[in-house]
């Protein structure tokens, strides 16, 4: 067994064998198996932004079967999606490719006044579909924060009881946060810390900028190195219980290949556990998407060895 | 057994035999049995618009027995209605005609600020009344979206456990959508996609216009063919998991017979799975209503053969 | 057994023997037993308008024992009241006089912004008190409509399981309805239809005026006869599933005896199933109240024979 | 056994032996045992108004043990308090002195926009602490009325099942009631009636003034005698199901001894069942508090004999 | 066994042996074991104020293992933290160091309009993690007061059933309280009293200033000595059921060592049961933090002997 993986697992001492078993499955799957690093393919953009905005650039992506095939062939650790997408493919992929059920989702047609995704699936669905983990989005900064923190509390407890770990997407957003503030270093680090405090086993945040949003936090950040993304990632890792919780970074909107790769190198250099990359992968042609995912995997494998 | 039906059923691999069994019942009933196509008679307009607006044009329709008789004699696959209407007729029609219980309903006398139907029946009622499926309306775009998505989540799970598939009526409506936007191509495709992601087995939407509502979606639609209704239907079918979920189209307000038939031909040509036609059927005289339903059925049968 | 009663009961085919049994009890009690007609004494006005406004005209009415005695001696089919009033008298009257427990009530001291009665008793109370049915008020047109429709859904299901039928008081009221509109023909017919669709076994509405409230409904009412109350009652009966659900009419505020009797004759002539008369009965002296109830009963008996 | 008590108990025919047993305990305790009259010491003012405002006048009252000792030594029928106060003393006093657990409480530091106390204890607490009854405050006139009526409905049902009767504090307050209106005769009588209709076994209201708040009620009160407090109390007793429910009166803010005694004489003369006296008792010195309670008891004993 | 501890335990007569057992554990742990005094290390500031603001001054504190080690080595009675922090360390520290699970938490990125923490863990988590008590923050003065009082009611009941005592952090805050008012003597005493009335076994408040916030309370405070902090602490102890409930004081923001120690001396002199000190301990260097906690412990040990 991989020492690296077992060192990570040791940070979850006290968790049940069921949860530890599924964490091991995630860390021991795909091309990065045993390195302690993770590259995950998430596809909830059809729900979040609409089908055409998500899949028109590469119409193969309209088909729910496209994505798990892409993840498997590229060597990703896992594939994450809403229940509808998994309903179609789980019978074929469960046990072949670790599946993460994204329990809550939001669309861009309208919704509550303050950001809050709708719970569209439950822990029982994750079991039914043979998943290895549940995923849930919180919006720290939302006026509906309490509803979300309390929902994830219940879900973590229910998932733990059946041996499923929890991935929290922690996206600051809402009345009290400026647009720039959503990726500010202090806010992203805070969002990662909140997710850890809520009991997430794995945390997903956006790569932080060097902006500091909260006035009260300015002083605390005077001595924190933050010039490079690698340094900022390092701070987020520190804020994630001093590296004792797995924190991975999303890639955001589609962009040029070199930009994507440089971002990944910085994340890897800063000690990030990995990347969760959606549009940059599935909006490229099948061949290009696979190529990019494999390059991402190589970057993290290199950082694991380094 | 029909190959066409079994090919459709294969898209639901992973569902329980109970759900698959009732999907087969729907697809193997009426004149379109075995074709993979569906024509359904829905009668919830008394609730939604009031009894006189719905039934004064053909007063036979005030009687709850009128509609299942019309559906059965016309060769429809199924009849869908609220619990009150089914309460009166289920003892007579259960097992003869597939019944779909419409679980939520709205009236036009008043209600919450944002569109949200009231849950007026439950899964146990569907069982009690011998139904083959449940139906539920969501309003993507409503400020009360989360409440609806979460309610249908629970209902789908409960229905699945007792072998009942779910039909979602997906009608975009609410604060952030213009009146024209409610039938815009991007919005209808998005609404169909959301319903699929929520786990619907069958999705019902309105025929889309060529209007594009969301600015962010304009670019994605530049290359999507949308001049004819058939092309637009094809896009909606694509957005419905690349044809892996059954999507049917409603007819909207009563109109001239030729208009109705032409719309149906376009839906059939675009690959739509069928039609759910209410007012255009029951507001005509009994003979004319039956005639129209039979012509609709012939259009879809022809498309199945074609 | 009465053929008339059994013909009515046949409209409830599919209901459990328990529910049918209590419907038979209601229809086979009092002076109108076996006629298919109903006169019911309801006394919730102490709660709704206050004790002095309700009982000062005939102070005997302050005593909870006054009303069931009046109902029994006058030959009414049943007595309906809130749980507090029934708590005092049920031990004495259960089994002698059919009791209907009014489950929700409102007072005129204040309450929520949109009309919504409070649930003040439950189905278990109805069983505990030996009642034959539950009663519930909905306010179609209220912004809190959904809460009410969903509450009655649960109550009907719970009551059905223990063999109790449901009476819905359907009173249109709320933000979108004008004061005149509350008794408009279209609105009253709509309110009766909604109650039937919700699954009510018996519906209670107010006598409709010849006003049409909803613009969209004007056209539909052009050909509906509505000059006399009898004609309007006939339309409401039609809207109540073409006479397949029992619909009865309230009398409203106290008025002159001849006015009351004429209204009852019109209701009877229009095919209404009966009357539910409170203030006009209990605010008269004991002798006069009894006399009026007996005359009402005679009017409906005559219509049953006619 | 006392005939008077059994005559009162007869008004609760239909209640379970458990509830009747605890009502008997209340009526057969203390110096007024067997008279059918009640003097109760309630101490929730620390919660409602703050500790210093409540107990600084007699600092012995800061101690939770002071009050049950005062009640017991003065010969009160019972002692009522929130769960925190009872937690400290119940192990010592349960079975010696009837305890009433006040289930909901409000503080004066802030709260919801419309009056609504918080539920701070439950029926299980009442059992755990050996209480003979539960107490609950409703605010008729509050925009949150429904929440309160529905909560007390559930609590009454739960308490009944374990043999505990319910005391309702009925205090009109909220958006639609003027400050004077809170003690207006029509409003207090209405509040008492509502509490009875909700199923209270014992009702507590404030002594009514001769003001009439509601315009619609003016006419009804023209012939109701209301010049003296005794006459107004008599009307409230009548509104409380014509004396078939126990209604007791609070004393309000601390005042001169003679004022207190005169008020009690009027309440007794008007047929009130007793008094629930807090600040006037525990804010006096221990000796004076005890003396006043004993005088109150004598007034009601005299009225019972008279 | 310590007489002092048993005298305190006697105030909880009536509690189950499980709750008493864990109270004894708390009082018999660390350097203050058997003195009846408490010094507790709480670390929820990462959640409440953000990780950098909390831990940048002493970056060792980013690591969840730092704090329980500090508490244990300094001789604290217990360590209190949110579930995320305890998840990491409980497997190592349960049974060595009494752990208190802070059940609700708030962040400073945004939230509901009125102060209300989110429930982020439950009683089952406290059991799972081997804790000796649960902790919960209420905000008296908040418009969401009822939600909080009702949540803690349920949690206390659930915790009692499994033998866990409850610590309430009572922090007045909200629409009706001025900023100065949050630490006003009347408000702090009231907040402590409310927590006791809600059933807290241990209450935590801030050291009160000599300001009086509520006009209605001015008169009551005229004779209450309040010039020194010791006198004000004495009043808070009196308001906490005349010393029959354990009340401890927080230290607030980091400040100079002598200021901290003087505050602790005043608290000890006024009869406070102890201190709960976070930032002043963990934001100092490890050596200085330990030194300060030991000095705090000596101050309370001295007051216990004195």
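Some points to look at:
For reference, chains read A, B, C, D and E in written order, and residue numbers begin at 1 within each chain.
Basically, a residue touches a chain if its C-beta (ideal position, glycine included) is under 8 Å from a C-beta of that chain, and two chains touch if they have at least 3 such contacts.
Since the structure is predicted, the reported quantities are computational estimates derived from the model, not experimental observations.
Counting only chains that touch, the fewest steps needed to get from chain A to chain D is 2. Fitting chain D to chain E on Cα positions gives a rotation angle of 70°, stated in steps of 5. Measuring from the averaged C-alpha position of chain B to that of chain E gives a distance of 58 Å. Once the centre of each chain is set as its mean CA position, chain A and chain E turn out to be 36 Å apart. Counting partners per residue, chain A has no residue that reaches two or more other chains.
Under the stated contact rule, the graph of chain-to-chain touches is a ring, a single cycle where every chain has exactly two partners.
Order of chains round the closed ring, starting at chain C and going on to chain D, comes out as C, D, E, A, B. Contact residues on chain B toward chain A in their complex (touch as defined above): 11-15, 140-146, 149-150, 153, 157, 172, 174-177, 186-187, 189-191, 193-194, 196-200, 214, 216-217, 220-221, 223-224, 235, 238-239, 241-242, 244-245. Interface residues of chain B facing chain C in the complex, by the touch rule stated above, are 46-47, 49-53, 56-57, 59, 62-64, 82-85, 87-88, 90-92, 105, 107-113, 116-122, 124-125, 129.
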